[in-house]
Structures are given as C-alpha cells and as structure tokens.
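Working notes for the structure below.
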Amino acid sequence: MSVADSTTQPRPARGPGSVAPSAPPAPSLAPHEAETLEQTWRDPPGIIGWFAAVNHKTISLRFMVTTFLFFIAGGLLALAIRLQLARPDGKLAGPDLYNQLFTMHGSTMMFLFAVPVMQAVATYLVPLMIGARSVAFPRMNAFAYWIFTLGGLMLFIAFFMGIGPDAGWFAYVPLSGPQYSPGKRVDFWAQMITFTELSAIMEAIVLITTIFKMRAPGMTLNRMPLFVWTMLAASFMVLFAMPAVMLGSTALITDRLVGTHFYNPGEGGDALLWQHLFWFFGHPEVYLIFIPPLGFMSSIIATFSRRPIVGYSAMVLALIGTAFFAFGLWVHHMFATNLPELGKTFFTAASLMIAIPTALQIFCWIATLWSGRISFKTPLLFVLAFFVILLAGGLTGLMLASVSLDTQLHDSFFVVAHLHYVLMGGAVFPLFGAFYYWFPKFTGRLLSERLGKWQFWLFFIGFNVAFFPMHVLGLQGMPRRIYTYPEEMGWGSLNMVATAGAFMIGASVLLFIVNVARSRRHGAPAGPNPWGAGTLEWSVASPPPAGNFEMVPIVYGRYPLWEKPRLPSHVAGLINEHREVLITSVADAELDHRLWLPASSYWPFLSALAVTALFVGSIFTPWAVVWAAVPVAIGTTMWFWPKRSTSDMRVASEQHPELFK
Amino acid sequence: MSMHGRPFATRMPQPVRRPARLVSLVPLVLILAPAAAAAAPLQDALRAYGVQAEHIGRLWNFTLGLCALVFALVLAAFVCALWSARRGDAHTEPDISSLARPERGIYRIIAWAVGISTVGLLALLGADVVTSRALARMPLQDAVNIELIGHQWWWEARYKDADPARQFTTANELHIPVGRPVVVTLRSNDVIHTLWLPNLHGKRDMIPGRTSTLTFRADQPGTYRGQCAEFCGLEHAMMALLVVAEPDAQYQAWAARQRQPAPEPATSRTRRGREVFLGKSCAMCHAIGGTTANAVFGPDLTHLAGRGTIASGMLPNNRGHLGGWISDPQTLKPGVSMPANLMPQEDLHALLDYLETLK
Amino acid sequence: MSDKARHQPDPAVGVRMENAPGGGQGGVPVNGRNSAQDSAQNSAADAVSEAGANTAPGAEPGATAGAGPQAPSATLDVSCLPTFAFGHRSPMWWGTLGLMVVEGTVFALAVMSYFYLRSHSSAWPMTGLPPDLLWGGVNTAIMLASLVPNHFAKRAAERLDLQKVRLWMVACMIVSLAFLGVRVLEFTTLNTRWDSDAYGSAVWMLMGLHTTHLITDAYDSLVLTVLMFTGPLEGKRFVDVSENAGYWYFVVFSWIPIYAVIYWGARI
C-alpha cells in the first residue's frame, strides 16, 4: 500500500473511480513523513509487543474476534439445549448439565457477546468516523479487552471443569444464595459479572471521552454520524446501569462468602432486592444491546439508499429518549411478584411508551428507503431483516408489557421467542450487516456477495423456523428452563421444528466463517470506499494506516464525503514522530490543544493479570482482596509512571517546536 | 419403567362443555393444528376454563388483533418502500438535497404515523387497565381458602377453615368446587417458585419471606395441570400440580374424606405395612393422620391413594411406580430430598398394601 | 530541579485557542478565508511569545500560516496549540468524571438498598444500637478539613507552581493518614457486624465501599506526591494533580450522605 496515493483526500462525492470536477488538489504528507507517522502508530513487534500493543484498531480487532468466539460457544450451547428439548423425555442432558447449559448460554450471550461486541466495533470505527487518530485512553482500552477476556476464560474453565454456574443467567436468590447453591459455581458467575462490567465501564468512559474531546475540527455534535450518537447514548447508559449489577453481585458474593444477609429473608434481607438491583441493570442492558445496532442501521441504510437519513434531529432525540426511558421499565420483569398493582401499571405504561421513539426511528428509515435509490447488497439485506424480525419482537414486547397478559406469558417459551426476536432481529442481524459493510475497511477485501446472500437467507429462514413456534409453545403452557417435558403435553412436534431451525442458524454461521476465511485471502480488493459511502472512515485506505489519518480532516457537514469539499480541508502541524492527537471542544469541536498519547505498554496486560488474581482469589477467600491488592497497585502505578525520555522530549518539543517540525 | 406414564388415562373426567374458545389468527391455527391434534393435558393458556383466564384471554385477543394489524401495516409500508424506490449502486450520485432543505412533507407523514402509534399504545394501556380491574373484582363470597407452600420440588396445600377442626393438609393435587371462588395464599419454604395454572389464571410468584395471593374460579369441571414456572433448581421441570375441579357436592365429599385420619389397617399385611412405614425413615419426613407420624418435611400422605400422580405430577400413582419411587427416588428424580429405601420385597409389598388403603 | 513546565504558556489563563480558526459558532470557518489565517497567526504569536518558540508550521505544499494575501489555505496549522489544558478541556477530566458517575451511582444504589431493607423491617437496627457518633463525627471533620490542602494543591497545580504543589500534596497525605486511621476506629464502633443481619450487612457495605475509595484515593495521591518530588515532570502532570484533587472532592463530598445514612439513618 502506498501512503502517498492521496488516501487522505476527501473522496469525491461519487463512488470509487470518479473525480469531482471542482475538487482542489488535496494536501497530503510527503512520503517520508507518512512513513514516520506509520511507524509511530504501528504496534511493537514480537511476542512481547503483542501484549504491549495499544493501537485502538489492533485491540478492537482482537476484541471482535474474541467476542465472536464467545458467540460461537454460546451458539453451540444453544444447539445442545435444542437437541435435549427436541423430543419429550430427552435423555441427552440430565438436569444438572442442562441447568449449566442454559445458564452458560444466557450468560455467554448477554455478558460475553452482546454488549462487548458493540463496544469492540465502536472502538474501531468511532475514531475513524470522527476524524481522530486514536481513542482517548489507549491503555485503558487495552486493559478493558484483557480483563474481559480473562473473565470469560475463567467462566468457561469453570464450566469445562464441571463446576459451571447453574442458577440461570439472572441467578435469582435465594436459589443462587449460599444455602441452595453450595460450592463455587455461582461465585464464578458472580465474579464473571465483576470482570465484564469493569470492562464495559472502562470502554464506556473511553468512548464518551473520545467522542466528546477528539472529534475533528468542525464536527459539531450536530454533524456527528448517527452511529457515534448511538455509542454516546449507549456508553452513558453503561455508566448508570452497570453499577446496579455490580452492587447486586457484590452483595451476592458477600452473602455467599462472608455471611452477609442482603438476600436472606430470615435475617431481614429480601429476595426481591436482588431482582430490583439486577433488573435495574438488566433492562437497560438489553437496550444497550439494541441501541448501537440502531447506529449500524442508519449508516448502512444511508449508504445503500444513496441519501442522508431522514430526520437526523428526530433520530438523535429518539435515541436519547430511548436511552433515558430504558431506566424506567425494570419492574416489568417482576410482574408476577407481589408488588403493588398500581405500581406495576405505571411500568406497563412506561414499557408501552418506549415503543414510540423506536417507532419514530423505523418510520424515518422506511422514509429514507422509500425516497432513496436502493442497492440490495448483503449489508442492506441483514438490515432489512430488522424490519420484520425486530418489528415482530417489539410487538410481542407490547404484549408482555401488559401486567395481566404477562401473568400468562411470563417465564414461558413465549418470552424466549420474544427475547430472541428482539435481540437477534434488533442486534444480531444488524451486526452481521455491519460486518459485511465494514469488513472491507478492516481487511481491505470484500466478503463474497454470493455466500453472503446464502448466509442471509439461511439465517433469516432458520431463525423464524427456530423461534416462531416458541410463541405457540408458550401459549400452550410450556415453561422456561425445564430440562425435559412429558410426551402427553403435545409439545414435541413444535420443539422438533425449533431444533431444526436452530441447526439452520448454526449452518448459516458456519457459512459466515467460511466466507470470512476465504475472503481474507481471495476476496475482491476493496478500495477506500467500495460502497460509495459518505462518512469519514471511508476516506482512508482499507485497511487504514496505523495512524488513521495522515492529516486530520476538517468537517463541514454530516456526510463529508458526499458534500462539496471546502477549505481549509485538513489540519497541519501535528507531530508525526510521536502519537500526537488533536483535542477539540465538546459541543462545536473547536481547536483546543494537542496531546501525546502513550505508544505501547505491557502494563495494561500485567495489571489485568493482577486484577484477575484478585477477583479469582476472592472467590475462595476474602483475604485475596488484601494480598492481591499489592500486585494490582504495582501494576497500575507502573502503568501511570511516566517515562523520563518521553517527558523530556515533550518538554523539549514545547520549548523548541522548530526541531519537531 | 417409563418415567412419564399416562396419569390421565384413568382419572381425568372429560369436560362436559366446550371451553371458552379464543380466537386465533388463521395462520396461527394452521401452525397450531398439528400440535393440537395430540390429546394434551389441560395446561393451555389459550383455553380458558375459568373467569380470570377468560378475562386475560379477551385481552389476548384484542392485543393480538391490534398488534397483527400494526405488523401488517408497517410491513406493507416497508415492502412498498422497497418495491417502489428506484435502484442505485455505489456509483449513484447521492442525493444530499435534504441537508439544505428540510423535507416537510415526509416529516408530516412520519408525525402522523407516530401519532397513530401512540393512540394504539394508549389503547393497549386502556385494555390492560380494564382487564386488571376485572381480575381484581372477582367476587369472593363463599371462597375456598388454600395456603399453598412451594418446596423444592413439590407443593404443600393446607386447606383453611374458620373452624380449625375442618382444616386439612394435602400435597400436589388440589380439588376445588366448580363455580366457587378459590383464594390461594402463596408462600415458599425455600427458593422462589411460581404457581401457574394457565387454564384458570395467570401466574403468581411464591417468594420466601413474602406472602402473595391468587384468586380464581373454575367454571367448568375438569383436571387442570399446572407447573412451577420459576426456575427453582435441579428438578424444576418436575414440579407439576393437578387441580381437579368438580361439582360442589363431590368436592365436599372429597374434603370430608381428607379430614378423616387414615383408616386403621384391617389385615395383617397392611398392619405390617404400617409398621414398616413407622419403623423406617419414612416417618421422619412424612405425616399420616391418625398415626404417630406427623413430620412436615415431605408431602402429607394421609390420603395418598386418592391422588392421580406421585412425585409432584411426575409419575402415575400405581403400585409399580410407587414401589419404584419408594425404593429409589434418586434415579427417577435426582436431587430430591428423599433418600433411597431398600428393604426386603415382602416389606415393600406390605407397605404398598398399606399405602393403597390411604384413600 | 528546574521547573521545566514553566516554559509552557499558561493555558489556564488567557489564550483561548479555540477561537483561533476565526469561526463563530460551528468552529471552523465556512470558507477558510483571511480571518482564519490572521487570527491563527495573531493568537499563535500571543501564545508563544513567552516561550519564544517560533510558529513555523510543518512544510507541506499549499499550506501556509504566514502568507499575507487572500488565497484560502488548504490546511489549518495547529502546531502552536498548547500541549495540555486544565478542567473540562482535558480528556482526563472527562475520565475522572466518568469514574465519579459510576461510583456515585453505586453509592446511591447502596443508600437506596439500605432504605429498602429498612422499609421491610419493623426494627432498625434489627438488634443492637446504631453506630457510635464519636469517630464518625471526628472523621467527617477530618475529611472536610482535608479539603483545604486539597484546594490549595489544585490551585497550585493550575498555576504550575511546583513548590506549592509539593507542599500541599504532602499536607494532603498527612491528613489522609489521619482519616484512614480514624476510619479503622469507626469500624470498631459500628455496633454491628456484617453478618449479624441485613442491617449490619447494609451498614458494612456502605462503609466498605467508601473506605475502598478512601484507600485508593489516598494511594493515587501518594503516587502523585512522590512523582512531584522525583519527576519526570511535564505540563500534563499538573493536570493529573488537578484532576486528582477534583476526585478527592468527590470522595469527601460523597461521604456526607453516606455518613448521614450510616450514623443517622437508624436514629430518625
């Protein structure tokens, strides 16, 4: 890849290959400068270097691969569940194994896949979309990846050792308490929560700070891509929601380990305290999973309709409204309890009303498609599936929102159907669309359209075959989380159909893996902008250079690559020999100052190991918190401690800037 | 020996009237048809045999209809959009005119659509409120009061009465009079369970440390099956409950029998059987009225022989299954609190003879 | 040791570089004309006059920061922007704010859980007495007093006054020893154990959460204090001191409601 092939020019508003007649010659770095920049931002080589890398794209790709591996693990667990349930009186998995299977499936999908994958994709794309060279806290970003991976590994190691958690992904007390779940199983689950929620919180802080402080000059909040807005909203939600499960799971750990009584009714505790804390987190959690894909939808629909999304301001307000109101719904998971009826009705109203912003978004997208010029490529197909599947899931959600109806449908397979319709239709389908859309940017090659279409149809059909019958099963009285059922209940045939559908989904995921493996080597080369899109990430090479932008662009509109280029078009004067980034103001992205970011460091990894020792140790003894605090303190101190050579160089650059260009 | 026999073949009286049928969408019925062909026990939310389930069923019909309509409309708009929009590709010039000029016409249409959606949502809210009020207003005169306590993995039922002498305890099978309200007070002995009798009402949680109430009424005779609907541990799948709704006279007769202590064994074998019961570990957990056994850790067995199933709806109540259960419950339902009870064959048969007298 | 950081123009006072491009709202000017160049040049000159650095930008074709006439420049030169900034201009401020939001939410939820459990209990404390008021009161006073050296440390950092920063940070460390020590005494006079009942669990959880923050904040401050003596130092380190001081405010102010709940929640 030649760095001097003017990859940083604002691409003309038309697709690849055509040149706008009036585009002025774009500024670019001289080749040796570009090479210096590349070397500055490149990861350090070797094995040690692998652990010390902090470039956001490197971390993000690892994060995406890791979350995808967890997705596959969760999917295999689902296939095991479906095999057991395919027939009445199934003998493949006894109650102990089955209870671990569904606990691991839910926990893996919710904690180890759904939220982290969105943050992973965001930490790749957000800097590129906002014209930045990096995220705001590269080492914390790396640490968040390591702590997530180590936590997920801990959980699966426990599972493979036969002591996996078995109290459900939601671990209601008193079942998950010390009396009814003896041993360490639930402790592994609770501590996995601690790992993953720490990771999610750190990523949220990284994203919020990046979005607020590192946007290219001229990219006011009003000009940010809608995907960046969704990540901003989702990250704020993380900050308020994760603490609830953190507190709740800590209280569970202390109940189990040192004899506290938060959830023990015998000593003044309350079983519903757990449910309140868990669902105060749990409901925003599902919106956390749902909101970033709304950003994928907007990006993809705009590009493949060849026009901006209808109603930008309305879309942003809808996002913020959804994020905000998501915190007011949690009691709808508790409608079968003995909470006061009037209170429950309030939550019915809230759960119904939150459909309004989502409806608004759906109408805006339909309007965009209707008034655009559509290209039915694979990314768009996955996005279009949303309009069928998420729509159905949202409507069954309205059914569940009613207290009276919910008393029949709660904890039955109807809910299993609903949650998969909204999570798969609302998140997983758009996520696959996003992979097809941005894979060329990540790797420089296009995924196969043919395999993509096969995968899509297999997935779409398989999904409906698997999950639609579950609505009926729930109405026919089949509860959730049962390891088998008697033949005379008559549930056998629909369960068999559902299992067949599950295997179709598995086949489609296999097709995806094949597509990725082949396209990495043999896929058609993608230029910087194979889809003719309008946002900044498409202005750089595919894959992007290590420093993202040779010269940081200046932004004048929402779709910079589609709009007329204006002057000044780029920023000059950032130092190339060090990881210097531009900091701008929050609302209007006016120039503020420059910062040097750390180049690479193995302290995030080592600190993550120390924190892992603390978390895992404290499953076995509370004293682990004390003695493991020592390596944690050492690791984090060394992480912070500045390097004298770098500090000296920075001060020199301030005193004699002419030496640094 | 099969784990799940056919507990209903001999016991279930057929309903005398057709259930209150609930309307389903035609496609739904087509999908349902093969599943409904099998003669399934009554554990079906779509077939209401009591007033509460009927209220909820009406709400279901209304909600399903409204949601199906919305689905059809939005899908139609969506398909129309895809059909009528012009085609393009990566080289098509993007239309950025909307960045300079707001598209008022489109905004107006969207605003109307959102407005109509809001009205629909308010209608759903209204329907829910109406249904909640109807459910709360079920008349409670002359109610049967039952205290139901959830255990891992069985149901303890205590029939209450103003006169303490008329109270009795049973397990896993309730009888209720048709046409009279039933007030069930729900508690739990260990973890959270949930009572769910779909043909009669929605579900209600049984939370340790708290008390909740479910009121319903069976309007037609029948045997209704319910299941625990809150994951409660290893054998959550095997915690079923039978509710037998019968005319009041039959119910009164049943209740009167339940109030009697166990009959004295008449033969030497049954006497031997009672000795086995009292001598082995059975009496440490189970109670039989009229004997010295009065422990409360396991189901009350005073009228065991009158029940259709054992092991909380899991096995049919016949000699073979009962013998197997007593000998080795852990193989049938791993994790239950009941230990294996190995004993000489004669003792087992004597015990079974005795238990068969406990009608 | 020379105060290298003194050479940096003071970003906290004076130069508002964000207006450099000359745009009103919306930041970057629409047409990139003279005003951009001129004001960039002027404020660049202002900014670096103390340091004596020159403002020559990087050499690239078509870009100029010193050319006179009317040709619009293709690039905007940022080489004379400051290299650190205080307060909400700094990413570190936002990171610290994020941490405060998270921890504040945890504290708020813990307080709510305390009152939730209380609402389900007829006696509160369930058995025994509420915590003794002495050490809690003393520690609250010490923590509030610690805000004084903390405030001065923050001010000194924003003025880049290394000597004063060192002085006030050491003062903060001495006070932190005091409140950590008294915190131990507080635990001994809570009059309940974490495993007595739900009341005890709630009280110990609140104390434990806040104590964890006291310890980590004291440790952070210790590391910074040492750094201020040993170096290496640059402008950014003063921002770190300022942010650490801000976080200290949070730890102390968040104690007020927690103190009220632990010590008075069972008395009213």
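Annotations for the structure displayed:
Per-chain residue numbering starts at 1, and chain names A, B and C are given in the order in which the chains are listed.
Here is the rule we use: contacts are C-beta pairs under 8 Å (C-beta built on N, C-alpha and C of every residue); 3 or more make two chains touch, one makes a residue touch a chain.
Nothing here was measured: the structure is a model prediction, and the numbers come from that model.
Nearest to the overall CA centre, using the mean of each chain's CA atoms, is chain A. Greatest centre-to-centre distance from chain B is found for C, with centres as Cα means.
Separating the centre of chain A from that of chain B, both taken as means of CA atoms, is a distance of 38 Å. As a whole-number value, the distance joining the C-alpha centres of chain A and chain C reads 29 Å.
Each chain gets a centre from the mean of its Cα atoms; for chain B and chain C, those two points are 57 Å apart. The set of chain A residues that touch two or more partner chains comprises 269-270. For chain B, the set of residues that touch two or more other chains is empty. Of all residues in chain B, those touching chain A in their complex are 2-4, 6, 8, 28, 31-32, 34-36, 38-41, 43-46, 53, 55-56, 59-60, 63-64, 67, 70-71, 74-75, 77-78, 80-82, 84-96, 98-99, 103, 106-107, 109-110, 113-114, 117-118, 121, 124-125, 127-129, 131-132, 135-136, 152, 190-192, 194, 196, 198, 201-205, 207-213, 225, 227-237, 334-335.
Only residues 13-18, 88-89, 94-96, 99, 167-168, 172, 174-175, 179-180, 265-266, 269-272, 305-308, 310-311, 314, 336-338, 341, 345, 348-349, 352-353, 355-356, 359-360, 362-364, 366-367, 369-375, 384, 387-388, 391-392, 395-396, 398-399, 401-412, 468-469, 472, 474-477, 479-494, 529-532, 534, 557-559, 562-563 of chain A touch chain B when the two sit together in their complex. For chain C in complex with chain A, the touching residues are 4-5, 7-8, 11, 17-21, 23, 25-28, 30-32, 36, 51, 53-54, 56-63, 72-85, 88-91, 94-95, 98-99, 101-103, 105-106, 109-110, 113, 116-117, 120-121, 126, 194-202, 204-205, 219, 223, 227, 231-237. Across the interface of their complex, chain C is touched by residues 24-30, 33, 136-137, 140, 201, 204-205, 208-209, 212-214, 217-218, 220, 239-240, 242-244, 246-247, 250-251, 254-255, 258-262, 264, 267-270, 273, 276-277, 280, 551, 554-556, 566-575, 582-586, 588-596, 633, 637, 640-644, 646-648, 650-651, 653-658, 661 of chain A.
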